[in-house]
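In the two assemblies presented below, chain A is common to both, partnered first by chain B and then by chain C.
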Partner chain A sequence: MSEATHQSAVETMTPTESVLAQMWRDLLGRPDIRSGDDFFEAGGTSLTAIKLLQRVEKRFGADVLSPDTLYEDPRLGSLARAIDGAGGRG
Partner chain B sequence: MFRAWADRLPPGIELRAVRLPGRHAWHPEPAFTDCVTAADRLAAGLGPELRPPYVLFGHSMGALLAHQLIRAVERRRLAPPVLYVSASWLVEGTPQERLPDPAAPDDRFVDVLGRLGGVPPEVLADPEVLAFTLPVLRADFRLCRTYAYEPDGPPMEVPVRAMGGVADTVTPVGEMGSWARHAGRFLGVRRFPGDHFFIRDQVDQVIGALVEDLAAVTADVRVP
Partner chain C sequence: MKTEAPGAPAVACSEAALAVHREINRTTTPYPRDSSVVERFVHWVGRRPDAVAVVQEGRTLTYRELNRLANGLARELRDDGVRLGTPVAVCVARSPEMLVALVAVLKCGGTYVPVDPEWPDERLRAVLLDAGCDRVLSDRPGALAQRLDGAGCRVREVAERTLVPVDADPECPAGPDSVACINFTSGSTGRAKGVPILHRGIVRLVHGASYGPLDENSRVLQVTPVTFDIATWEIWAALLNGGTSVMYPAEFVQLSRLDRVIKEGGVNILLLTTALFNSVVDEAPEALETVATITSGGEAHSHRHMAKAVRTYGRGRVVNLYGPTECTCIATHYPVDEPPRQDAPLPIGRPIQNTRLYLLADDARRLCEPGETGEICLAGDGLAVGYLGRPDLTEAAFVHRDIAGVTERLYRTGDLGRLLPGGDVVFEGRRDDQVKINSFRIELGEITHHLNRHPLVQQSCVAVRDNRGDKSLVAFVVPAGPDASPDGFRQHLAAKLPRYMVPAQIHLCERFPLTPNGKIDRRALLTAHSSPATSGEFTR
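Here is the complex of A and B:
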């Protein structure tokens, strides 16, 4: 993979991923969040998970992200796809 | 709460946990507002899945709902469970002052909730986490308040087992014997170390007791 495509693969996030990444940065105190990152491996706890769910609910709607989804596949990209798939308001 | 049970139950017993509506994106439909309607909806929804032999095990409000579900199952002439276990719940219900008042302001509600136990202090201390948690708990306690004890109601045909924590001050284990008056066959009260939430710490002991009771009540039931 060339440097250029590598760069764009890293930096291209969907709008939902970008919003989630900002939430993660804020909750986890880490600047470097990528779409393949796992919420719990990145430092998330059961308590920060609730805060994330609360923020997702406020931002995207009450029924777009099941806590089960967060625990089953906690990667940022997967959560964003789940939210988009559930028709989360952008 | 029952996640820990899944890999501890012996083969041959399948775990099915019931989660109510009004629980965020798990079940975003509006919460039930009274326990009889809730039980009717549960009976309607679970109907085909209530295949004998099955057990209804409930803890606290879950035991209230399981009790009402048996009533609903009887009304609908569905197959009854072979056993009902009421953990941390009294047939008379619980005096309202022992439970948080769903209509109370947050600080008072959280104060009573904290004394009840079961919710970690770090949850109670965090406004954002509370904002997520309190609506669900308020709905639960509202549902508990709709329980009407029938002192002269006909006893259940389903065998009943009561389980309680010896340090429970909300549903004291010493008061659980009154289930006997409402059960055709009462297996007695099992006492465990711990408080209202003893079943979280006593998972293996509770499952062991349940398996033992299940063996006793199914001894003369032929499994198809």
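Here is the complex of A and C:
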């Protein structure tokens, strides 16, 4: 991904994406999270995935993000769309 | 097992060293030493036929039902040629049917070999080949048969609708010295090592347990993937004690669901990998509040999580466990009754029942004094036979020693430890570059072995990044040409290694920094690449 795409991704983050990005920064210990990033390629493991799912549930409500969804398409933007689509509380 | 091995090298020992080792090694406890796993299971079928053996999301099998289904499958397997010592791979998702498959294989005298469908084809085929399996039991036979095409392996379906109950127990040819299962663990030569586990090793693990109560009232959580040796404990701790296996229903763990499974299933004892234990303590500590005995192990514990656990759950409930696969899952236990002090190490404790531990120095020729650091060597009925098809590795790791006139067969763990004055052992790291990531045991050499075989790799090394307790693998490569890319290397590794062994980050470097004594300076590499995605054009 080029710098230009990175920039625009930051600019167009949805509210859900921003909250998720903060969770990723905290869990993965890196400042540069963008909406096209893949959770596992960014350093996430099966264990950080468990923590992420728990934090998402606490923040957005139960059953808005399943482990299967996370493993199928672990990009930040996709996860945010799944949460919004499942009616996660903002 | 105390064995006759005339001429075993003698271990030098002082009176003080011998006294403290004798003290901690008084672990001999009566147990059904001469019974196989099958005999112990069938014993409970006779005694508690209507007790629930396994429950998963409201679905249950009683001991009688589980036994009848296993008899049916065992009859088919026997007709198909499974005999004493025949290895049969099991690739069935966590379910009552998985237990049926394991019991059925053992009833034929066979050896079950747990395999994971998530492994890449190359790994899967290598494990089947090394274990000598030409049969796989699977709940998704179609997909697997396609992947194993040409590997000389037949896939047989095991599903609720394919199982036929049979009343009569087949005569089981297996004894306590037969191989019950083979667990595979990382090997630095680039190939996973098979560790054959004896029936006696498993029976010893779950009888007369010093680390927690196990009896017919035990309701044991089963959440660990069956390819982990911890699952050996989870499954047989329930089924060989007349207790109930409470199975987590899905492949991936969700803590809110784990909470429900534990409470609805009335789980009263469990063994979590250190990594999962830490996650639960951090994110959902309430999930364990009803569990009487909370044990964890798999890698060095974290002080912070242990302290929080003891404060949350109270005294007499939290137990720190230690043990390699080669000693059938658990070797030592330490009840954590006080929050550990930051400045003092938390011990791995003392050997469990029918297990002995020696700290040895000078190539395992001298018994360490109290307080002296040495290699943790294990003895007793838990020891594996050796490594499958690797006499060289077996000879190096499994040795005979004469200790004060008694010949012991020892497993040299490669772990370092020392004895505290009270007799508890403290873990002090590794002799080599074996690491634990999320409780997966990984030889870093196995990863570099595969990296170095890529034509565009000139030199490589792998290190562990620790982000406040969350550990991940980072690889560094000096490329051999301009076309090298982290993505290319990642794909190369993903085709050969399980996902947990593929480094999350791969950095390209011009050269490696060296320490004063000429080794690759991993710490300097990690520091130089601490902010991964912004560290320059070489990094993706």
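We take it that the second predicted complex is superposed on the first by the 80 of 90 C-alpha atoms of A that agree within 3 Å, B and C clash if a C-alpha of one lies under 4 Å from a C-alpha of the other, contacts with A are read in each partner's own complex, and residues count from 1 in each chain.
In the analysis below, a contact is a pair of C-beta atoms (placed from the backbone, for glycine too) under 8 Å apart; a residue touches a chain by one contact, two chains touch by 3 or more.
This one's a predicted model, so the numbers in the text were calculated from it and none came from an experiment.
Contacts of A:Pro67 after superposition: both chain B and chain C are touched. In the superposed pair of complexes, A:Leu79 makes contact with neither chain B nor chain C. Judged by the touch definition given at the top, the superposed model places A:Asp32 against chain C, while chain B stays out of reach. Within the superposed three-chain model, A:Glu41 lies in touch with chain C and out of touch with chain B [touch as defined at top].
Considering which of chain B and chain C touches more of chain A, the answer is C.
Of the two partner chains, neither chain B nor chain C is touched by A:Ala21. Counting contacts as defined above, chain A residues 47, 50-51, 53-55, 57, 62, 66-68 meet chain B in one complex and chain C in the other. Chain C makes touch with chain A in their complex at residues 250-256, 275-276, 278-279, 282-284, 437-438, 465, 467-468, 470, 472, 500, 504-505, 531-534. Within the complex formed with chain A, the residues of chain B that make contact are 24-26, 28, 122-123, 126, 128-129, 131-133.
Residues 27-32, 40-51, 53-55, 57, 62, 66-68, 70-71 of chain A are the ones that touch chain C when the two sit in their complex. Contact residues of chain A toward chain B in the complex are 47, 50-51, 53-55, 57, 62-69, 86.
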